[in-house]
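These are the structures, in structure tokens.
What follows is subunit A paired twice: with subunit B in the first complex and subunit C in the second.
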Partner chain A sequence: MTHVAILGGGPAGLAAAQGALAAGARVSLLDEGDRLGGQFWRHHERLTDPRLQHGWHRFERLRDALARGDARVHVGASVWSAEATDLGVRLRAVVGAADADARTAVDVEADAVVVATGAHDLALPVPGWTLPGVTTAGAAQALAKRDGVAVGRRTVVSGAGPFLLPVAQSLALVGSDVVGVLEASRITALAAGWLPRPWELAGKAGEFLQYAGGLARHRIPYRTGSGVVRVLGDERVEGVVVAALDADWHPIVGTEREVACDAVALGHGFAPRLEAALALGCDLRGDHRGRFVVVDDAQRTTTAQVFAAGEVTGIAGADAALAEGAVAGFLAAGGALGDPRLRGPVTARRRARAFARRLERAHGIRPGWTAWVDDATIVCRCEAVTRRAIAERADVPLRAMRLATRAGLGPCQGRTCGRAVEAIVAEAGGAPASVGFDRRPVLAPVRIGEVAALAATDPAT
Partner chain B sequence: MRVVVIGAGIIGAACALALVERGAEVVVVDRLGVAGETSSRCEGNLLVSDKAPGPEAALAIASNAMWRTLAGRLDADRRDGQPATEFEAKGGIVVAFPGGEAALERFAAAQRATGIRAETLDAAALASAEPHLSPEVAHAVRYPDDAQVQPSNATQALLAAAMRHGARLVVAEVTGPIGGPGRIAGVRTATGAIPADVVVNCAGPWSAEVASRLGARLDIRPRRGVILVTTPMPQRVFHKVYDSDYVGAVGSGDAALQTSIVVESTPGGTVLIGSSRERVGFDDRPGVAPAGAIAAKAVRLFPFLERTILLRSYFGFRPYAPDHLPVIGPDPEIAGLVHATGHEGAGIGLAPATAELVAHAVLDAPTDLDPTPFLPTRDGLRETA
Partner chain C sequence: MIRITVDGEPVRGRDGQTIAGVLIGAGRTAWRTSQTGDRGVFCGIGVCHDCLVTVNGVEGVRACRREAVDGDRIEREARP
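Here is the complex of A and B:
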């Protein structure tokens, strides 16, 4: 019986598990979260307000499929190594809290793997963004959704993309006064992205109307072509400077105004978590503005027996993740793309990819943002590296720049700042790097002792 | 004299500085730019402790002394935005587990005879020097002259200094020679030709390929090494601490995975654990086997590492010659071509002395170093690796 490993238990991973089971495989699914659901269905059994969840029934059906089928589910399992082997793939994980006394090693050998590691949200640097009270929109959302906690009493939500809407809504529902949602893209970009071929948007339009209705109910203003260009405060956030942005996201001089608030949620887009795919040798496409795993119609990557689905292949939302996951799981298990059971997912995938193109046209990060970052702005927060330090070393290879400035060498390993650092390097005339900051051979934190244990058990060492 | 230096790693950068300071007109050509490869994928140990008596030890002792003045000079002349070399003479401690005491002491005694300072530590001295070391350790020797630099920054500083003296950097791949058979008159690159009187091959692990593009033969191969880096923590390792089982590993021709462990803290508070040796060509997917082997030995040395979090790992390819000695000097068949490569696991340490030998080969500059053991004409290079 084919054994399919699934890395990630968000919409893509769950749909992949269901697909692989349907095609007759045995499944092992690993996710570092304490609960299945990924970013989209992030929840807490008791604390989560059900009004914050979308498509919950779908989630329950997927979870049930796993429970009924021949599947082993490992939650709380950080996969720190992924290797393509002669026989297939091998994932190594540790289960248990970071500070637990003893954690268990989970070693999964499988015939194929579906990489469904999703994305994390991306906040571009803004002067003052290191002040307490500034979070990423995703962190604000997670706190609201999982713990029912608001990041502040008066919150400004700033960035780009439809994701800002549910964030504002969640904040309002957990009791924060949302001063405004500032969308960087101008109304013309939004129109170019969203107005043509409205029939493609069928379900999505309803979702947006629902969010827009939510904003209106809470009297939250939504402003386009606008963004936070500076965060004010001494010890913590006391306010922000908001400016109008042009089509390239350059702040327009003379439009700045101050807004009082005690929290800022920044979300300018998403960055896929590519390290597992890279460790497995998968090719990527794109550059620092957006890099994704290359897949074919079967969701096959360039590495044999490695499939990818969801946000790692393109930022297209949960529907795309579900559709791609279904295809990936089914094919990883040996099923055929022409199978009638895949007709639904394949259609949904086509629609969702059209949505992704719109998303990018309407909200994709524009290069002008670097104009609101001044020389002294800290870009790499872990190592407190300023824009000036990075720009001054832009002419050396990325590896040498990192070692000279320490940008991206801290605890987050460039997960937060990687794209911004690369953009600043590119703007200062540096040579483009093929995978930039995305290669991280250690996929998740692991103890030296846990790595050492391999030497005792693995005959290869 | 116009000189083209191929490679802007530590060797090319050091050679460029030595040549330009002695009056040559220097163009450094690198396909990536400064410190884009091995010299940013290694550790920066400037060691005498791991050298058995012989020509490499002599070179290492001389080079170690040169680094002390060179690093000071580079740091003093540094411009805004340029990183410091982070030179630190912290000293090394080599330890042996039960059974290894005699071998370590024999090795140290032989080194003392060549002028390497090697002080045997008693239990009390060891406990105060490295309080977190495993109680299992049976014997220890301190090498006060072992030092370190941040190798990438040191490379960048060397090249910056060379460029302040008038050297130029061209970012381009060298594809072939200018000039007829038996004599080189410059290099062809992807973006144009660069004429020169002498061409110096400092292409590290790619030196064999570069040599062959220039019509020469040179047996330099890559030997992969993996390094682990932990999350930052309060300092608990105070010297470079090595397991003496490396005695013998460097020279070994075995292709299989070997490890010899160095544990040390960096100024940033992380602990660096290196490293492995494997002959697997330029295979860029080390997998977990080397990490597992390194981690196991590191935990044996410092038990507290057991619960320390691994932050990242990286690997590089050491350039090595069949007889494991650097190759420095004129090519036997092509006039105008000089090699400076094959430094294996010691290129950072050996860079200043190598540069002096290259200046000697190219400009006939005076040197007290003996170039003979490293010449490309030596018999050892004709052995099969």
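Here is the complex of A and C:
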């Protein structure tokens, strides 16, 4: 019987598990979260307000399929190593409470793997963004959904994309006063992205209207062509400077105004979690503006027996992740793309990819943002590396620049600043971007002692 | 209801919350000393490592990912 490993338990991974089971395989699914669901269905049984969940029945069905099928589920499992072997693939994880010091080792050897590691949301640097009270939009969402708490009493939500709408709604429902949702893209970009061929958007339009209604009910203003260009405060957030942005997201001089608040939620886009795919040798496409795993129609990557699905292949939302996961799992288990059971997912995938292109056209990060970052602004938060320090070494190879400045070498390993550093280097005329910031020798944080102990007891090494 | 201590001070939270959830719920926004001032939650999902705390003597625990347990002793971390 074919054994399919699935890395990630978000919409893509769950759909992949269901697909693989349907095609007759045995499944092992690993996720570092305490619960299944990924970013989209992040929850806690008692703390999550059900009004903040979307498509919950779908989640229950996927979870039930796993419980009924021949599947082993490992939650709290940080996968730190993934390798292609002669026989298939091998994943190595430690399982236990987050960052505990003596977790249990779990190794999974399988005939094929579906990489469904998803994405995290991306906040671009803004002067003052290291002040307490500034979080990513995703953090505001996660804390509201998972823990039932609000990041602030008066919150400004700023960035780009439809994701800002559910974030504002969640903040309002956990009791924060949302001063406004600031969308960087101008109305012309939004129109170019969203207005053509409205029939393609059938379900999505309803979703947006629902959120728009939510904003109206809570009297939350929504502004386009606008963004936070500076965070004010001494020891914590006391306010922000908001400016109008041009079509390139360049702040327009003379439009600045101050807004008082105690929290800022920034979300300018999403960055896929590519380390597992890179460790498995999968090819990527794109550049620092967006780098994703290359897949074919079967969701096959360029490495044999390695499939990928969800936000690692492109930012297209949960529906796309579900559709891609269903195809990936079914094919990883040896099923055929022409199977009638895949007709639904294949159609949904086509629609979702069209949605992704609109997202990028309407809300994609524009280069003008670097104009709101001054020389002294910290870009790498871990090592407090400023824009000036990075720009001064833009002409040396990326690796040398990182060693000289320490940008991206702190505890987060460049996950937070990578894209911004690459953009600043590129703007200063530096070396062409490489995958340097996405390659990490250890895929998820584990303690050095843990890995050393596991390596010492491992018969295979 | 759970009780934890943060640098010796008692803080109450709801059963099941992450350490970050408990701290934010108690009105705290920063709990780590960095070279550029205090830090608290930034990414909220385990990516940025801004929220690190020492839990019952174990250093480097991401407060946004670790579920708080009644009686946990949380200590501030400082990085030069």
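The criterion applied here is as follows: the second predicted complex is superposed on the first by the 448 of 461 C-alpha atoms of A that agree within 3 Å, B and C clash if a C-alpha of one lies under 4 Å from a C-alpha of the other, contacts with A are read in each partner's own complex, and residues count from 1 in each chain.
Assume contacts are C-beta pairs under 8 Å (C-beta built on N, C-alpha and C of every residue); 3 or more make two chains touch, one makes a residue touch a chain.
Note that the coordinates shown come from a computational prediction; the quantities given were computed from them, not determined experimentally.
Q: Thinking of the overlay built on chain A, is A:Ala67 touched by subunit B (first), by subunit C (second), by both, or by neither?
A: Touch partners of A:Ala67: none, neither subunit B nor subunit C.
Q: What is the contact status of A:Pro397 with respect to subunit B (first) and subunit C (second): first, second, both, or neither?
A: In the superposition, A:Pro397 contacts subunit B only.
Q: Is A:Pro411 touching anything from subunit B or subunit C once the two structures are fitted on A? First, second, both or neither.
A: After superposing on A, A:Pro411 lies in contact with both subunit B and subunit C.
Q: Given the touch rule stated above, what does A:Leu454 touch, subunit B (first), subunit C (second), both, or neither?
A: In the superposition, A:Leu454 contacts subunit B only.
Q: Is A:Ala389 contacted by the first partner subunit B, the second partner subunit C, both or neither?
A: A:Ala389: touches subunit B, not subunit C.
Q: Taking the superposition on A as described, I'd like to know which of subunit B and subunit C A:Ala140 touches: first, second, both or neither.
A: second
Q: Show me the subunit A residues, by the header's touch rule, that subunit B contacts in one structure and subunit C contacts in the other.
A: 98, 411, 445, 447
Q: For a test of understanding, state which residues of subunit A touch subunit B in their complex under the given definition.
A: 80-81, 83-84, 92, 98, 279, 281, 383, 388-389, 392-393, 395-397, 399-400, 403-406, 409, 411, 413, 431, 440-442, 445-449, 451-456, 458, 460-461
Q: Please output the residues of subunit C touching subunit A within their complex, sorted ascending.
A: Subunit C residues touching subunit A: 14-18, 20-22, 24-25, 29-30, 34-50, 52, 58, 60-62, 64-67.
Q: Residues of subunit B touching subunit A in their complex?
A: Residues in contact with subunit A: 32-36, 40-41, 80-83, 150, 152-153, 155-156, 171, 228, 230-232, 257, 268, 273, 285-293, 295-296, 298-299, 305-314.
Q: Quick one: in the complex, what on subunit A touches subunit C?
A: Residue list for subunit A touching subunit C: 32, 34, 39, 44-47, 97-101, 120-121, 123, 130-136, 138-143, 146-152, 235-236, 378, 381-382, 384, 410-412, 415-416, 445, 447.
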